[in-house]
Amino acid sequence: MKETYIKEFRPTELHNPVLIEGLPGLGLVGKIAIRYLVRQLKAEKFAYLYSPHFPYFVLVNKKGSVRLLRGAFYFWKNPAGVNDLILFSGDSQSQTIEGQYEIADKMLEFAKDHNVLTIVTIGGYRVETEAKPKVYVAATSPDILGKAVSAGAVVSRSGSPIVGTAGLILGLSRFKKIGALCLLGETRGYLPDPMAASSVLEVLKAEINFDLDLTGLKEDIARAEKMVQRLQTIEEKRALQAEETRKEEDKKTTYIS
Amino acid sequence: MKETYIKEFRPTELHNPVLIEGLPGLGLVGKIAIRYLVRQLKAEKFAYLYSPHFPYFVLVNKKGSVRLLRGAFYFWKNPAGVNDLILFSGDSQSQTIEGQYEIADKMLEFAKDHNVLTIVTIGGYRVETEAKPKVYVAATSPDILGKAVSAGAVVSRSGSPIVGTAGLILGLSRFKKIGALCLLGETRGYLPDPMAASSVLEVLKAEINFDLDLTGLKEDIARAEKMVQRLQTIEEKRALQAEETRKEEDKKTTYIS
Amino acid sequence: MKETYIKEFRPTELHNPVLIEGLPGLGLVGKIAIRYLVRQLKAEKFAYLYSPHFPYFVLVNKKGSVRLLRGAFYFWKNPAGVNDLILFSGDSQSQTIEGQYEIADKMLEFAKDHNVLTIVTIGGYRVETEAKPKVYVAATSPDILGKAVSAGAVVSRSGSPIVGTAGLILGLSRFKKIGALCLLGETRGYLPDPMAASSVLEVLKAEINFDLDLTGLKEDIARAEKMVQRLQTIEEKRALQAEETRKEEDKKTTYIS
Amino acid sequence: MKETYIKEFRPTELHNPVLIEGLPGLGLVGKIAIRYLVRQLKAEKFAYLYSPHFPYFVLVNKKGSVRLLRGAFYFWKNPAGVNDLILFSGDSQSQTIEGQYEIADKMLEFAKDHNVLTIVTIGGYRVETEAKPKVYVAATSPDILGKAVSAGAVVSRSGSPIVGTAGLILGLSRFKKIGALCLLGETRGYLPDPMAASSVLEVLKAEINFDLDLTGLKEDIARAEKMVQRLQTIEEKRALQAEETRKEEDKKTTYIS
């Protein structure tokens, strides 16, 4: 394997497909969103992406078998008949700069081969907030952008960067004449954040007009919030203790001088 | 995109063009100089340089659109008819060593294709000074060097390095039989430095003999000087406080021993 | 040398060979196991693997000669006639990500050329234990896995990573239609661990059904245990001293405040 | 420039040439030795080696001109007629692993094209000593090794590494059927060490049987020794002061508790 390649093990005819990408990143927003879509829509795996720019280890699977790190493509045939979906997620981002560009290129070639007209990439946007996560949007055309804004997304601030595959796919898509938009959910970023993923999926539903029940994410959100609270309690205790120690030391100092 | 490439989206006939390069670096001297030239001369964009050796993110543009990191070429038709100008700046230097050489190579090929006979590269030279920034010059021939010296530049000291694209273009230009010089403006380096850019542009005017009004930079310079003063005040306060603390501790120590 | 290549300096006909790989890694488990097999079976060297992804130094050999870092292939003709063996070890893992994939690829090509049907890779699994090291197994098919489990190995936990050549060979073997399993011996990892190697070799004997006397490793194991004990004694003394120092300081502090 | 290449700007017929290499490394032993040979023998430059794996800056030359980092080949026609010499030194080692292998490969191709039968590489061997530096030798054949030992060199210990171009040339030379030896002079390594270079040159003279006056190095050696003494004085003062400070603090502590 000298370069990134995509192996389609189950060739499939798709109708006006939209490709939705979500690799690991801040708050795992993209990965959680895609995983939920796959589960909820019962989407089916049909291709893998392998790359020598992924980390150099393999993962043990269920029952002691082994697999390379990879990305996986799933398809979902839309019964309403407007747009079928191709969903993409994976284990890792590229570990090298050149690999980042190569993987985005290969995904765009794959999209072109499947007559994809629009790509949605999903990621996280780091912010310290406890409010409902906002969704930021950037896109390759005003039309695509407008739809997301109507669905409640906020236009990304000029000059802000979009890092990794989610960004490079947008940057490179114009060379393939494919429209693309990126949805970034607000997240603190250091813990898996299903709430941010949920916000993104709400916008996505409206953007590409398909039906999706989001109640299945509620349990994950409750669990994540408990985890955040537990960490905050620990942090507050630690801060209190540090304060005590400081005061003790101040007293000693005063006594001596 | 496997390697750096230049896309000329608006083919243009130019007359004896001189190429002037200024990528981000110390004090952003090169970038500020090129930006000012583009604005002042109303130069027009005609080509982009893309590279998989740039950082792996994209930037959100105005109105939520997105673009890859890139370099941009502008042209200016000189009404006086001696030399037209090609101006080049961009978002970033290459992130890999091989990329640094590749980008300089591609720029030289582009210059050759446009019959460029002279290239000027612009950068910063780190120094702690409050005087008017000097301009250092190095060049591929005594003729080119002499002109810059007549215009007030100082010959670079033997053995000093010129880092990045500004340097490699000079080093590689002899393989293409293109003359080149590098102008380095003195700068503290950690803040954008329009004053250093202004010094460089003064030399440049004389070197390639064209008319340029530099008063437009005065406002930027005033703003930058205020920023430097503010930082100095902060730094002085911090030093004073550190001194106080040290004295307090000396007193304690004396008391104890 | 632009890429990894294998030089077979003594072409050899082998009968249903099994390839066993053990490069340096945690506790040097793989390297110790292969070295013991080579010595015990009097296996003979027949090929070298060179790579520009190995570290950039050479080693002085006996008598002042010099050699590149490399991997070495040995063969053993099994007198019982079931499976001949190819043994592989070397000086180093690849130093780059792409090199890791390239080396595993080249080894699989070499295996294919020699009609290898099964590959065993050997490594260490980090754990703090004083008990007899367990052996974890992962494999590309339930059949191969089952044999190792019958021989006392434990199935690797789902989701655990196998790093480096030992892992990538398993991950990439399916593209060459070669069966593969990985045996990981429990080890603390920071010292050469012949006990872990011995546990692995016991499973290996049963897996590929050949005769091997393991008593030769006992001396190495005794020496390694002595080394561990010596280090523990040093560590305990150090901990005791640190405790003393802490108490002394507590006393002082109490007195002052 | 996509890869390392050598530009021979003055093609030259040489008689049984020996190639002697000395790039920057520990104590600059190789570089100092080659520079002295070039000066003393009045050797003449005839080729440059350029590489995109060198650092990405250029150097200002005398009179404000500029050059890429590079290696340079010099030739010396031996009036005694046994072996002409090719001398090689340069600004830098490769900055990447692959580049290290590529540069050594290109140098061997160049040597083959010039019918070089023996290559000598020169480097430093780190050791804390004040005695006259010993010279360690490793070689690709017992014959070549033997001559250096007769001239006073010590055979390198088995298992010791030789890092960088000096090592890789030896490791790769067997693929080109060129004999090679490496001479390593003992050096503390952190300062330019003309004394180590002098020791190496003494062995070299005997090894390839040519006349060389080493008195010219005496002044450099005297200067280097003075520098070492000055640094030692500074270091001793610093140690003394640290000791004082420690005693003062001990007194305070005693007083308090």
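Letters A, B, C and D name the chains as they come in the text, with residue numbers starting at 1 for each one.
In the analysis below, a residue touches a chain if its C-beta (ideal position, glycine included) is under 8 Å from a C-beta of that chain, and two chains touch if they have at least 3 such contacts.
Everything quoted here is computed from the prediction, not taken from an experiment.
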item: Chain located farthest away, centre of chain A as origin (C-alpha); value: D
item: Rotation in the CA alignment of chain B with chain D, degrees, nearest 5; value: 90
item: Interface sides of chain A and chain C: same vs different residues, half threshold; value: different
item: Length of the line joining the C-alpha centres of chain C and chain D, rounded to whole Å; value: 37
item: Mean-CA-position distance for chain D and chain A (Å); value: 52
item: Residue list for chain B, restricted to those that touch at least two other chains; value: 256
item: Contact graph of the chains (line, ring, star, complete, other); value: ring
item: Pairs of chains satisfying the touch condition; value: A-B, A-C, B-D, C-D
item: Partner chain A, residues of chain C touching it in the complex; value: 94, 97-98, 100-102, 105, 137-142, 145, 155-164, 167-168, 170-172, 175, 180, 182, 253, 256-257
item: Contacting residues of chain B [partner chain A, same complex]; value: 1-2, 52-69, 95-96, 248, 251-252, 255-256
